[in-house]
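What follows is chain A paired twice: with chain B in the first complex and chain C in the second.
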Partner chain A sequence: MNKLLVVDDEPEICEFLQAFFEERDFQVEFATSGKDALAKVEKKPPQVMLLDVQMPGMDGMQVLKEVKKKHPKVKVIMVTAIETREKIEEAMRAGADNYITKPLSLEYLEKDVQEKITQLAKA
Partner chain B sequence: MRLYLEKQKRFLRKILLGMGLFLTGFIALSFLYFISNRWIPLSWTANLIFQTFLMTFLCLAAYKPLDLGITKLFRHYLFKKKSYGQIMLIDLAEELAVILDLKEWANLVVNTFGEVFHLRTVALLVPGRDQGGFEVASAYGWSVSDVKKSKLSQNSILLELMRRRGSHVLVRDGEIQKVSWQEANHIAQEFDFLHATWVIPLTNERDLIGAIAFSASTPDVVYHEGDFQFFREFARAIGKSLHNALRFSELRAAYDELQDVQSHSLQRAKLSAIERLATGLAHEIHNPLTVISGKAQVLLLKKGKDILDEQVEEVLRTIVKQTKRAADITRKLLMFSQSSGAPREQLHLEQVLEDTVSLISYQTSLEEIEISRAIGNRMPAFYGNVHELREVFLNLILNAVQSIGSRGKIHCNLRYRSKEQVFEITIADSGPGISEENIDKLFNPFFTTRPDGVGLGLFVTRQIVHRYGGSIRVESQAGQGSVFIVQFPHQDHDDKAVQGEEFRGKGSLWSPLTATSLKDQKKD
Partner chain C sequence: MSKKENPKKKINYHQTLRDVATSMVRLKQPERLLKMITRFIDRQFGLTHTSLLIFEEEKKRFIFVDSKGSSRVPINLIRIDMDHPLVLWFQRVKRVAGIQEDYLSRAMLNQWMPAASQEFIHQKTDLDVRRLVKAMDAFKIDLAIPGYFKNTLLGLLLLGKKKSGRRFTPSEISFFQILTQDCSMAVKTSQYHQSLEEQNIELACRIEEIEAFRKKERDTYYEVMRALAQEVDAKDAYTFGHVSQVEYLGFLTAREMKLDMSGNRKDILAAGLILHDIGKIGIPDHVLKKPGRLTEEEWGVMKTHAEKGARILDHLSAFKDVAEIVRCHHENFDGTGYPRGLIGDQIPIEARIVAVVDAFHAIVSSRCYQQGRTPEEAFKEIKRCAGTQFDPVVVDAFIRALKKEMKKRGVSCAIHKESAYLKVQEPSPTGGIG
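Moving on, here comes the complex of A and B:
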């Protein structure tokens, strides 16, 4: 089963994403902080990770860099409330696999996650 | 001073000269008779032809010294009362003492000087903006273009002479004769440059702070040491008030600059406050919107669901659509606040266009929309803010993408029209076009034809374009696609700086108007 890790400091967001992806046969875990997320990745690396950029404490960018350093195979989709070019570029350079903005289009998100899974399967 | 010796005086002088000559002849003849009778009894001294010859010779020899002597007598003893010109200048000096505005001061000096002495040209020079040089503050009888370009640079020989000689009046021909021919050439050039025959330096406590350069209307006018003496006194009298006027104009320029900076920084503070607010707002609002929209979408996309009540489904779709709209508004607000007051730099529009297109392909899945680009040769650098310009391109291309829908073409053309010195960007799409009634409203805030649109994109775009002094228009016919045409004027960084200076210097040293009005007056 495909493993998905949702990271967002807003638990409600994690909840509906979990419900949505579990319905589509994903094994979904969630974390509400950067540290929590890193611990969960260490314990059981997911295939795909939805990572909020703006979080108190350790932010999404730091998490992304850590994850890509230790587990380069994990696909990371960055999620943010506002896009600035600098942030997008920084994320892309740090190895992010996509960059999407809130509010989320679940249809688009599902398509994107599936695409990442397919890429992993091919590799 | 020939100019102000009036008619009556000239007549009186001629009578005196005649009498003087007669007296000389009479004394000489008496003396001749006396010596020929007493000591040397010569018969030929009584000869009439000899006597006539002697008289003529004496008259010729005595004419010049006598004339000079009488002129001196006139000036120093008989008519020591100030002449008309001198009285005017003394009045002028008193009047100038209470004027603080440099422009007014300068205008009054050149006008009065020019009119009192019936001069051809008068110019007042004061220290310029560049260190050490002098520029024309006001001129009489000059053409406007001359006023603009006439400046004495820091290493001008004329300035050097004035600094060395203190308060001495410089005379064109006099100065030329004293120096080597190379220097003479330079000096002559500078005098001609100022349209001047004489230059009176103006000093304050030995510092050279200005000069009056003038020339007479006819070449035969000559001034003498006595006149120069008076000019020097006049220069000394007005030196202090010129000094005050100069200080005052400096203070005012500094004050203007301070106000500029203050209002600018106030503006910046306000903008960054808006920006912070917008950023915070976007963060705080987008999370709840994400929850609302996300939960609605979970329901809408539920697998193996019982078919939802039609009404419920409609409500859910509305929730998703409206939350997206709310998010778009905060995003636009943020973009708008970020783009204003931002620093400008040299950049290349073609690069900004490339970046924007790739940014769009990051974010939007451009399914079957083909974006092509054409970029002209020899694109000069553009002076602007990258965020603002990216915003312009982004809005126009996104607008095109949205109007096309799912399939079509967008063509971006960027070129530089060297003749008009403008950058022209055209963005053409193969969408449905814009109806005539909508074209006029297109750039209004909150005008949109899309049900989920916000209506700020083109409004913000136009604001930015106008900020660069550019223009934006659209050509479209319903069913034929639309073309947006943006033009930006090409401005060098340096040009901008100069323009800014001129703008700031509303109370600056010289005004081109002065020269025109004075020239006109002179014609009258």
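Moving on, here comes the complex of A and C:
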């Protein structure tokens, strides 16, 4: 079963995305902080990670860099309300696999996650 | 809750909500009321999900205004794009497929799922019923209601199941439809308000700027012109003082003729009188200052001053009429003048006045080669040319006006034989063409 980790400091968002992807046959876990996210990745690395950029404490950029250092195979999709060119470029340089801005289209998000899974299956 | 109480209560909802909706249409920022509506539906109907979406004109997408219930969605997380199955359905399919109901229920989709119906819908649109099912299920909704403004989808009300397990009644659905319609109207009205207000402010600023600029331009130009006219006056030594005298005499005549001086007509006349010889600035000194008679060639050069003067003024739209006066001030009433040989009424009345007072002033002015003649002599000369060179009506008015003025001031014609000046008050200052 495909494993997905949702990281967002808003539990409501985590719960919604968890329910959404569970209905699509994903095994979904979520984390509401950067630290929590890294711990969960260490315990059981997911195939795909939906990662919020703006979080109190350790932010999404730091989490991204850590994850990509230790687990380069994990596909990371940045999900954020910030849409500056600098942030996008920074995330891409740090190895992000996509950058989606909120509010997002569920159809697109689902398609993109499926695509990442397909890429992993081919690799 | 008994069956008897229920409809009564519903009617009250209707009335309350209709009132709210009506006032909402007039609101500039309907968002708070839209949120209130969402909460109201959530509480009163006891639904698993109530979401209200509005169209964002700028980004061409639908965003959640509010979402309530156990199956609510995080409103900042999700948007609905124009290619979302529900949007496509309400925007396009409804009309193409000729389906009457302005709502979509999960139950309807279930009915369409059998192969034949699915094909029917699929044929007429590129929409798959399954995509609609998926889209509705993603939000856990049972009912989707569109709000239109002039056939454009502007709002969407998404409703989950009743917690009681009951189905929506037709009157509830029609109530939701009216409500969603009003919400869309409110959104559109507020957008209109906003854009109209912005446009109005912008426009007012621009108009003010343009007006201020035009006025400044006009004033500056008029000042420059006046200075130039005085320059010409000074350059042409014989006609020193000519400008202000001509202006004064011209106004006497116009008043005597009861000429329409309303609006900016007065300023146009003043400018015409002041600036009529402005083109002489472009005439070489050896021609302009030549004592004695001009050769035919020199006379030809001299004659160009009317056109030259008009061209200086042509650059400013506010001076269009003035330019025409300047251009025409040497036209003769019988069509023998220059530069175009216009006849009678073809010549602007102001130009006909300029012609008479200009000639009069030239006759009474002393030149180095010619002693100025008396006003009486000038009158005689001008009368002789009435109907040929001059407009007889203008000539009559001019002579009448000047005689009156001289009598009033006790000025004898003879006294001023040696001087071009009629010692009368300075012409009233004119403040530019406005």
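Here are a few things to note about the model shown:
Everything below uses one rule, namely that the second predicted complex is superposed on the first by the 123 of 123 C-alpha atoms of A that agree within 3 Å, B and C clash if a C-alpha of one lies under 4 Å from a C-alpha of the other, contacts with A are read in each partner's own complex, and residues count from 1 in each chain.
Note that in this section contacts are C-beta pairs under 8 Å (C-beta built on N, C-alpha and C of every residue); 3 or more make two chains touch, one makes a residue touch a chain.
Everything numeric in this text was worked out from a predicted model, so none of it was measured.
With the C-alpha superposition on chain A as described, chain C and chain B clash in the combined arrangement.
In the superposition on chain A, A:M58 makes contact with neither chain B nor chain C.
Contacts of A:I82 after superposition on the shared chain: chain B is touched, whereas chain C is not.
By the touch criterion stated above, A:E12 is placed in contact with chain B and with chain C alike. Applying the stated contact rule after C-alpha superposition, one finds that A:F20 touches each of chain B and chain C.
By the document's definition of touching, both partners, chain B and chain C, reach A:K102.
Touch criterion not met for A:L120: it reaches neither chain B nor chain C. Of the two partners chain B and chain C, more chain A residues are in touch with B. Put simply, chain A uses residues 10, 12-13, 16-17, 20, 23, 81, 102-108 to touch chain B in one complex and chain C in the other. Of all residues in chain C, only 61, 63-64, 73-81, 84, 135, 137-138 touch chain A in the complex they form. Across the interface of their complex, chain A is touched by residues 279, 282-283, 286-287, 289-295, 297-298, 301-303, 323-324, 327, 331, 334, 355, 359, 362-363, 365, 390 of chain B. By the touch rule above, chain A contacts chain B in their complex via residues 10, 12-13, 16-17, 19-20, 23-24, 54, 81-83, 85, 88, 92, 99, 101-108, 110. Residues 10, 12-13, 16-17, 20, 23, 81, 102-108 of chain A touch chain C in their complex.
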